[in-house]
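Dropping the structures in below, format is structure tokens.
Paired with chain B in one complex and with chain C in the other, chain A is shared by the two complexes that follow.
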Partner chain A sequence: MAVIETSNLTYTYPFAEKPAFKDVNLKIERGEFVLLTGPSGCGKTTLCRCFNGLIPHFYGGNLEGEIVVAGLKPTEHPIYEMARHVGLVFQNPENQLFALTVEKDVAFGLENIGLPRDEIRRRVDWALKVTGIYDLKDRAPFELSGGQQQRVAIASVLAMQPEIIVLDEPTSFLDPLSAKSILEIIHRLNRDLEITVILVEHRLDLAARYADRVIIMDRGQIILDGEPRRVFLDERARLIGVGIPKVVRLYLMLMGDGIDLGRVPLSPEEISESIVEVLTSDRS
Partner chain B sequence: MSMFDGLRFRNVSSPIHRIDPRAKFIYVCALFVAAVLFNQLIPLLILLLIQIPLVVMAKVVREWLRLIRGASFFAAIIFIMNVISLYFYGGYPSLASIIEHALAMTVRFIVLVESFSIFFLTTSPDMFGLSLEQIGVPYEFCFAFTTAIRFVPVLAEEAQTIIDAQRSRGLELEGGNIMRRIRNYIPILIPLIVNAIRRSLELAEAMESRAWGASKKRTNLYVLKMGSRDYCLIIVSILMVAASVYVWLFIKIPSITQILWP
Partner chain C sequence: MWRCSRLIEVEDLHFTYPNGVEALKGISLSISDGEFVAIMGQNGAGKTTLVKHFNGLLKPTKGRVLIDGVDTRHVSVATLSRKVGLVFQNPDHQLFSETVEDEVSFALKNFGFDEGAINERVEKVLNLLDLIQYRKVSPFMLSGGERKRVALASVLAWDPKILILDEPTIGQDSYQKERLRQFIVQLNQQGKTVIIVTHDIEFVVECEPRIILMKDGKVIADGDAREVLTDLKLVSEASLILPEITQIFVRLNDFGFPRNVISVYEAKQLILERLFWRR
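So, the complex of A and B:
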């Protein structure tokens, strides 16, 4: 069952001449891990803001076409209602944490929807444990590292128990190691809790292995959409300037030299496995 | 910045930190009243000294000393102004009594600073916001308050980055007369304000995305409960005000000058 469905969705920011994206037709199934990528300014962030109703309620502007998210129309339901179904994690961890302790921050959304105190306590503890920051619960957000702050942001969205989590470049302020651990957490949310994940990300080397599906946007349009192993091989992905994972490029180079690794790799582990396989089969 | 460090909360565990902010606030008010009632040196010194055990108990001695050091500049101004004005208009019998009176005014100022600093050093802004909420201040105001405090270190850091960036482009901050110096800070302030506005937009977005305003009856993770210790402090505060009023009305307080040179 599709959890997000758009048809001919077009949006223009107020005072903008050109639409930020045009005629987007998208269907995302429940439980999918979708990796959304494309050059800066291609409209992916704007698209994310439509999923929980920030567009059009917060931004204004002109939204045309149809969009249904978790069975609701974001155009007709207020943002706070959408927030129970769609969690949005932003790029800059610093600007999405308001409270003076981690715990209080995670509780923020739950307090807003007016849950009873013991239920808030239960969900906060759960979300902190899932994201591995239970030990930090009494610390102040500004004392934490960027990676820890981003975990807090994820925990606070997770505490709302949404069906969909949308993450807009959650690792762009982080070093590679923290980025990796954030992506692993996101992967676990998708695999263990069956939350639909839409991840906007430039670091394809780190993120590609977790995705069920890759969507590449350019200039306000969806250019490619499909299975990662297929999408990364497409010539258009390279031409747009998307950072194709290095392992895929290695695969293509070996292919050019006449060595067929069988399947397209998405992680260093996969490619090393295939290379070992090819080497051992050559010897025998 | 160093003076404001004296007002910045640091999370340590102590009996004073655990006291309900409302009770602590009543205590601060009582101290305030007592300090304003008296203008003699002896009772003001007593008020100054009885707070020192609290500071030690709260384990905030270092921050507190820094605050007092920061306040000493203002204290010196108060002292000098008092000496000068009393000398010309006071009609005091001797220089010693003038100095004693000026000293009393200075100590009064320090007592006020001291009591507020104990409050802010030992009350987490979250708890303070919560107590505002529980005495019926609308949530929006409490939220604005705690958020403002949360962003003080962030903005301070950002200001430093902007100063460094502008300096590396050759901006001179020091030198020149006062007008010149103020003008020097414009290239710092404009990016700082623009950034703050941009930041507030992002914050608003994040708040909206987390169901801000979903329910009229917002709940809260924490709830403040007054314990026996808190009631004790309130009673002590009330007694302190009563005692001060009694002393003020019925007992003539000798000045130190009178004791030394009767």
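So, the complex of A and C:
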């Protein structure tokens, strides 16, 4: 069942001359892990803002076409209602955090939807633990480092246990080990709780292995949409300037020299297995 | 390669924030004129705190920092800024003007450039960073990646001797990253001292600068990219991960490949050589 469906969705910001994206037709199934990427300014962040109704309720502008998210039309339901179904983690955590302590920030959404105290306590603790910031719960978000703040932002959204989580470059402020652990958390939430994940990322080297599907946008349109292994091989992905993972680049370079490693690799583990296979079969 | 003039000299630098957090615990290092350095390490390691000492935004609690021989405690940020340009991690901490053009010319006006020079520099730097089409647009209408480029443009405009970029690749797509890389390398080749603070290990391996690894307010390693970034123990301690290509070669080590490979071109070469040698 589709949790997000758009048809001919076109959006223009107030006072903008051109639409930010045009005629987007998209169908995302429940439980999918979608990696959304494309050059900066391609419209991917704008598209995400439609999923929880920030567009048009907050940004105004002109939204045309159809959009249905979790069975609701974001155009007809207020943001606070959409927020129970769609959690949005922003690119810049500072735009999201405001409370005096981390714990209060994470509890805020839950208090707003009127959950019982025990349930709030339980969910806040859970969200703080899975994101690895339980020890920071009494600290003020604004005095944390960028990476720690991003974890708080993710925890606040996780606590709501939404059906869909949209993350707009959630790891950009994180060091690689923390980024990896956040992506693994998101992957687990997707796999175990069947939360639909839409991840906007430029760091495909870390994220590609978790995705069921990669969507590449350019200049307000969807250019490629499919399985990661297939999308990365498409010449257009490279031409648009998407950061093809280095393992895929190495695979393609070897292919150019007549060495076929078989399956397109999505991680160093996969490509080294293929290389070992070629080396050992060559010996025999 | 080694240049004698020490442009930045850090001597036993300690810094404690007013809230009591001890962010730097005895840092000593020197950076020569024309060097290209990447400061890496985990969130909260003190990287940003360290570079904020280079333009005098922060003053040492103990120890001292000399910029071109001058103790930062004795000069204002305004004076130091002329020499040391710092581009913040978050462009929203830096941008405030109504148009991109105003933003980029602001510092130039303050430094007393005449109107003709200002126009020339603004145009040059906006072209260089692919921003010329946004000249009359509010920086706040731009995407995160574009705003970062505006912040960089506004610093580059006054051509500081030392350019410090705090997490320059955040929010940049691969095309812009590649441009940024070429751009930084070019500036460095022209003699500018460039310091980047970054987590972006894949970006760094393509530039191969000197690496300073930090952890908990201390420097834990200082050396060549190839040497430092392929050392699993150091890299994990700094909350980084091995470069993608190194991760492949660590796994191929049993087959007699070297482990310290960081470049995709070298990787291809090594694999091809091995296969043709077998045949």
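Keep in mind that, in the parts below, the second predicted complex is superposed on the first by the 283 of 284 C-alpha atoms of A that agree within 3 Å, B and C clash if a C-alpha of one lies under 4 Å from a C-alpha of the other, contacts with A are read in each partner's own complex, and residues count from 1 in each chain.
Everything that follows uses one rule, which is that contacts are C-beta pairs under 8 Å (C-beta built on N, C-alpha and C of every residue); 3 or more make two chains touch, one makes a residue touch a chain.
Owing to the predicted nature of the structure, the values given are computational and were not obtained by experimental measurement.
Contacts of A:Ile113 after superposition on the shared chain: chain B is touched, whereas chain C is not.
In the superposed model, A:Met255 makes contact with neither chain B nor chain C.
With both structures placed on the common chain, the touch criterion links A:Leu193 to neither chain B nor chain C. Contact with chain C, but none with chain B, is seen for A:Leu279 once the two complexes are overlaid on the shared chain. Applying the stated contact rule after C-alpha superposition, one finds that A:Ser156 touches chain B and leaves chain C untouched. Across the superposed pair, chain B and chain C both touch chain A at residues 92, 94.
Against chain C, the residues of chain A that register as touching in their complex are 13, 38-41, 45, 91-92, 94, 143, 145-148, 169, 172-180, 202, 205, 241-247, 249-250, 253-254, 257, 259, 268-269, 271-272, 275-276, 278-279, 282-283. Of all residues in chain A, only 49, 52, 54, 57-58, 79-81, 83-84, 87-88, 90, 92, 94-101, 103-104, 107-117, 120-121, 124, 138, 140-142, 156-157, 160 touch chain B in the complex they form.
Within the complex, the chain B residues that touch chain A are 11, 124-126, 143, 146-147, 149-150, 153-154, 199, 202-223. Considering their complex, residues 19, 41-44, 89-90, 92, 141-146, 167, 170-178, 199, 201-202, 236, 238-241, 244-245, 247-248, 251-252, 255, 264-265, 267-268, 271-272, 274-275, 278-279 of chain C touch chain A.
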